[in-house]
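Below you'll find a set of structures to go through.
Same chain, two partners: chain A is paired with chain B first, then with chain C.
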Partner chain A sequence: MTAIITPNGYNLDTGGRRIVVDPVTRIEGHMRCEVNIDENNIIRNAVSSGTMWRGLEVILKGRDPRDAWAFVQRICGVCTGTHALTSVRAVEDALKISIPENANSIRNIMQLTLQVQDHLVHFYHLHALDWVNPVNALKADSQATSELQQKISPHNPKSSAGYFRDVQTRIRKFVESGQLGPFKNGYWTNPAYLLPPEADLMAVTHYLEALDFQKDIMKIRTIFGGKDPHPNWLVGGVPCAINVDGVGAVGAINMERLNLISSLIDQSITFIDQVYIPDLLAIAGFYKGWLYGGGLSGTSLLSYGDIPDKANDYSASNLLMPRGAIINGDLSKVHEVDLRDPEQIQEFVPHSWYAYPDDLKGLHPWDGITEPHFKLGNKTKGTKTNIQELDENAKYSWIKAPRWRGHAMEVGPLARYVIGYAQGNKEITEQINFVLKTLDVPVTALFSTLGRTAARGLEAQWAAGKMRYFMDKLVTNIKAGDLATANVTKWQTDTWDSHVKGVGFTEAPRGALGHWLVIKDAKIENYQCVVPTTWNGSPRDEAGNIGAFEAALMNTKVERPEEPVEILRTLHSFDPCLACSTHVISPDGTELTQVKVR
Partner chain B sequence: MIKPNVLLLGIGNLLWADEGFGVRVVEQLLKSYVFPENVTVMDGGTQGIYLVEHVQQADILIVFDAIDFGFPAGSLHQIHDDDVPNFLGAKKMSLHQTGFQEVLAMAQLLGEYPKQLLLIGVQPVELEDFGGSLRPVVKAQIKPAMTLALNYLQTFGIEPLEIADMVTLADPMLDIARYENERPSETVACRLGDERVIFAPDIKITPPQTLDGAVAVPVDFRGKY
Partner chain C sequence: MNETFYDVMRRQGISRRSFLKFCSLTAASLGLAPAFAPKIAHAMETKPRIPVLWLHGLECTCCSESFIRSGHPLAKDVILSMLSLDYDDTIMASAGHEAEAIVTEIVEKYKGNYILAVEGNAPLGEDGMYCIIGGKPFVEQLRYAAENCKAIISWGSCASWGCVQAAKPNPTRATPTHKIPNLANKPIVKVPGCPPIAEVMTAVVTYLLTFDKLPTLDAQGRPQMFYSQRIHDKCYRRPHFDAGQFVEEWDDDAARQGHCLYKMGCKGPTTYNACSTMRWNEGVSFPIQSGHGCLGCSEDGFWDKGSFYERVTNINQFGIEANADKVGGIAAGVVTAGVAAHAGITALKRAQSQGEQK
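Let's turn to the complex of A and B:
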């Protein structure tokens, strides 16, 4: 038994029993988590490991920077497009290319559409079943469910007892046929589930409604980007021409397409206002006492900001999504963030399966190195290809440890919302105050697993409103006669300087995303992506600071260690997407689907 | 009479040898026939929940897939209607692939489901060959699978027009001949993973074992949502 106090304030105790959860994520896989629990089933040590290596940085070396977006957006098929946008911004920064206003509006609409769709799918399809019990929904009274629905969302027309009875009948038929389909693999008898059957039925009904609706939202990206997932992008603008008359230009955006997008935006706003937010508040109301999982959210938060109001101005004052850093829990001071400053963002590898010339020093991404070095600590249990227990004193993850001025940071919707709140951002403050008042909880309740989930919902609502704003801006601009969507004056490589570097950033649904690249003689010399899950899923650094996932798991009580729904709840609240962060190391790709209780 | 919506859907992952069977059948159908307007021929790849809406819209659905159900390797099978979900989802090759079983389940829960459903499946010989193509016995079942589908369509009075000269309607990047001819040799490409990692001096590859004394609890939600 060893007890350690980390510089970022956590008492780690590696005694007690060790629980291994592998894999953790519901869609993109490749994350493993190990915790030590004491005799009261409380987590006293947490270890988060990315079990796969990404390596796209290596693939990009020597390629044409104008093509980089098409490679990097394959990092992930879920937060699709956001890596591409980050990439074209990095190349434009390096080559000093400005884009037309219309391109900025269209890019923002696409990015905001991603936020809305991703947050919605996360809440209903990836995270809801950590809180909602579909089997319990079979016990619901449909009249009581209807009353609950009308109470929490009076304007939602789909609220009759008959409607809920129909859905319940479908679920019952389904379960009775012996298949649970998407509801397989849950811990449906675990006492951690607290909703009454009526709330469960309402939420499962909306699970299905959201499934139906998310396909419509995506049409916005397919109209502007040609396809989805992985829409098309362009260095210098967007690859879609505008022709409002709709004649003579096959494939151009015409008035009919613009009207369709406009109507989809209205539908998104309605769905979020009438279904998502009321559900969020109703579910959170039943779990008010479950305030675990805050981790670094009360102390160390980072956001790069995004959604430039005017084109080509990436300064904090022009970004509608807030930028800043909070450290040491001091919300009265939001620090400025500069992605170019070598002192601010650095990646460390003493606990990551990579090699630097000096492992103890951090490297700014422009000087970043991606050299795999797989080596296990001598306290590892198991074999190199079948690890039973990691040794967190040595290298233990394929994720590097990024730090902001030496601090482990949380990124994502909650980070953006707390930073916006601390900065006095009017819209964000209003939204947060509404939630705190409705639930009758103090502001500190934000620093929790549920706070993270709530911030995501509020951000979806904010993003849908901003889609409307940029759509109106786009249409106004088009009506004024500005049809430009791309600037190709610097398309030819002979217009470029021979050795330049650039950085592009976005706020992806999961958090701060940056791409740093160096271009030499029109080819990529170096390319480094520091992605949201690198921040959140980071392992320990040279000083011993634990990362955001690890911190969030600390001191949580696990009711039934063999059914660690509490661990999944907290990790899922970050919407982890480990394909971002890390390549298959197991030669046969066998799934390790076991929980080992020691 | 309103014509039924028909969907011919090939699913699977081209990159994992016989797992690409369904997609290859669809490629050949697209090259060889012109179908009436109410028939859609689709390469569903590994798209998961993105396919739900297409399944919902179909009155008649024919699915082509590799089905790992312990039949003799390379044998071809037809499964009808309610039996179909039980034969799907035996193996998920892509980590983010929603099993087609779940796609059908979601369509059913959403309340719209094909009236007629036919699964034409082949028992694969080899799946664990990244970048590989169909094995000969599986490849030989493409034509018979097409014939089964056409015979089934005929019972609904649907007959496509055969194209005399094969045209490429599918994405040329995915063409089976090109895919096979341009595959790098074993000496050039490491088939197991990243060679810098797995050929590192302190790694010895042994197949993963079941943990001793492990409590088996289903926590793997991959592909389920």
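Let's turn to the complex of A and C:
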């Protein structure tokens, strides 16, 4: 068949056998993946398709900008809150609202809490089954498991042989019931699984421990935001008031609440240090020969940065998470990123189920147009409502293709860590060097599926430490007499200019997240989100560049084509979030409000 | 409580020999020694856990995230010991064809004896192709799985009412479970909320398992044990409402002292949910306790009832203690009921006149 070389350097060969994975599971939302494999079972072509669209931004048109955070928060309940934070920042940018220091600290603690919980849940509950075989854990010797645990994490108190034997007994009963539940139809006899039974038992034990613990971490957000998932936020600050020893202090952020948060932060730090990081290193040690999945991580990386140290300063020097762009694999130069520059971030749709007046041109989010246009290519196999194989030469995804100065980019923890490393960020460099030394691998090993997974763990560790930092900062500020949590000078809409626009950004757990909005006469005129999985899961663009998922799958060997373990491994290493990536909308919205209401 | 897996297979004319062969194959597919086969057979002949197909349509996965935050029972105990979560694409190990095969297997083998849990909803626009599973519209998978189920749980406001993607103008024609055309006529339990409280979710499941029947539902199809009273009526800040003590702007002295958030747009007076009693995340807090008004996220169409910061106004001065069935979605009228019943009319008038003076 045909072989093409993409501008970003991939040889695509659509010959060989086509493998379809749909649904891709253990992700947020819905996606489909198709690959072509050659006679040696090597992936020679990869096609990633977002298979859902919700139209959230069209729904936002005409609404009160102060309400927007609640709507966009519902883009995603997994990275819950990160869209809301991005939204209040965008509105504050548009209206030039500054927030109190306490609000900045509280927002950062909430965002960092999400990073910790989301990374933990991803590693154990969405990703681990790509590396860990729970059925194999039945063969483990509990004494040997105990010894392994004590070796990799000497301070972890839950390490006795009896402890592991109990868990093993429970798993055995579960398996012997014949009702495998979520583990049903897994690929448990596939030779791609390399862990010894003892490591499998240890990891499955921590799968259960982490499931118990993650709910406790999120209580921090419930204290500040009232509930989780989907806590409450506020334009101008945070809704929770601080009252440490005044009348009615029991109903506000008081000493007891601060103590609870502090205790949960300590527990989070301990769990990551004693369980997550040792497991990550132990599992990686068994798989360090599996260096597939690098994709764009060695060449094209983007991060907007996040976690402002001082309130209201969003310049790169004040952000504790790094900002920058790396292109062409040149780590010696980290480029400046400007979200307002119409030349930098643009979205393309020639291979997405949307229509532009001119499909070949990219548009900056402030000028973006999104009109759904579901149309399959001539070479599609199947019918409109029963697709067998997609035609990637035509439109094939509900995800748009964002590009930074024309480059397909990878975003996420690995992007942030490589950019930080390239910038000489001290904390990040120390963490990376520790891992490389422990595993005895070169720095190039970072550019892989496992590198992505490792960076996520390191980031969780970093984020837990920074929770403590901002908690101390909050308490210090309260001690100095500052109780302010909201700035209400521009709460009333009659204080607003009639026509303004703003941009807000965060580093969501999955990567760079930006919201662009235009406010006219106190109503939302246009709202546009470009989210991490739009970057990573993007289809081809007009020049033929493939996206980060697609690039990462290329040239991977699959052991058994009918059991897509390797494909899942690499896709999961990005932690895809499809509900996030597929909801874009037009600036004027008018076309969209009329379409497809049959 | 249920027929065992073995009973079901026998009823369908499958021989014991075939059943034992199935058990051997199950053991082999797991890479287990043949010795495991009789144990699997024994388990299947005795007490099966009820299979659950947990499907995901257009949604944000907040319901699943809430579910795993349950403190009692723990999510792991629900999954390992109470039911058999055979299909849930957010956590299941298998993908693609192997995952789809599970839906078929459960539907065929457990006819009338599995629970269908729906998170999110199906878009009917574009022939259903705004949400595609296995190359086909999600609505087809939903209809197929509903055909033979015992009952349906509509998790969250998406499946119960439509939620955010169904807010005006509902560009994808996102449609809640009970309004899907040609869906099998099965009992539906709505568990609304964006998301529902974790322990409400697990309590609904464990009620089904413990009492082997559906919980008593109100006229809107919600378990009355959790959704029959207003947040306002059980709110610990209610005395401040009655006393006319209101937060006037964010972070004012009243906010710091925990006064009533009615004037900041709180939808507690028109929202039926358990937040002010059970609270969230093992009782840590709930929205009003943490200083923000209730958004009314468990109510039908809550996205289209004006700004979240707009006070519930247009209050009639008469009313009786209404139940959830009578109230429906009429926000303004409901406040009346609460006010009259609790003799808060003066307080409310005071609040209104203060608002006008501002």
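A few notes on this one:
Just so we're on the same page, the second predicted complex is superposed on the first by the 573 of 598 C-alpha atoms of A that agree within 3 Å, B and C clash if a C-alpha of one lies under 4 Å from a C-alpha of the other, contacts with A are read in each partner's own complex, and residues count from 1 in each chain.
As a convention for this text, a residue touches a chain if its C-beta (ideal position, glycine included) is under 8 Å from a C-beta of that chain, and two chains touch if they have at least 3 such contacts.
This one's a predicted model, so the numbers in the text were calculated from it and none came from an experiment.
In the superposed pair of complexes, A:568 makes contact with chain B and with chain C alike. Of the two partner chains placed by superposition, only chain C is touched by A:32; chain B is not.
In the superposed model, A:375 lies in contact with chain B only, and not with chain C. Applying the stated contact rule after C-alpha superposition, one finds that A:499 touches neither chain B nor chain C. When both complexes are overlaid on chain A, the residue A:21 reaches chain B and chain C alike. When the shared chain is aligned, chain C comes close enough to touch A:241, but chain B does not.
For chain A, the partner with contacts to more residues, out of chain B and chain C, is C. After overlaying the two complexes on the shared chain, residue contacts for A:340 are found with neither chain B nor chain C. By the touch criterion stated above, A:174 is placed in contact with chain B and with chain C alike. Within the superposed three-chain model, A:51 lies in touch with chain C and out of touch with chain B [touch as defined at top]. Comparing the two interfaces of chain A, the one with chain B and the one with chain C have residues 21, 23-30, 53, 55, 77-78, 125-126, 170, 174, 179, 181-182, 184-185, 208, 211-212, 215, 372, 374, 382, 384-386, 388, 562-564, 568, 579, 592-593, 595-597 in common.
Across the interface of their complex, chain B is touched by residues 21, 23-30, 53, 55, 77-78, 125-126, 166, 170-171, 174, 179, 181-182, 184-185, 208, 211-212, 215, 372-375, 382-386, 388, 562-564, 568, 579, 583-597 of chain A. Those residues of chain B that touch chain A in the shared complex are 49-50, 52-53, 85, 95-96, 101-102, 105-106, 108-111, 128, 192-194, 196-198, 200, 202-211, 213-225.
Those residues of chain C lying in contact with chain A across their complex are 5, 23, 26, 29-32, 36, 39-41, 43-44, 48-49, 51, 56, 58-66, 68-71, 74-76, 79-80, 83-86, 88-102, 123, 125-138, 140, 163-165, 167-174, 194-195, 197-198, 236-237, 249-251, 255-259, 275, 280-282, 284-292, 295, 297, 303, 307-309. Of all residues in chain A, those touching chain C in their complex are 20-30, 32, 51-56, 58-59, 63-64, 66-67, 70-71, 74-78, 80, 121, 125-126, 129, 133, 135-136, 138, 170, 174-189, 208, 211-212, 214-215, 218-219, 222-232, 234, 236-237, 239-243, 246-252, 260, 372, 374, 382, 384-388, 398, 483-486, 488, 491, 562-564, 568, 579, 592-593, 595-598.
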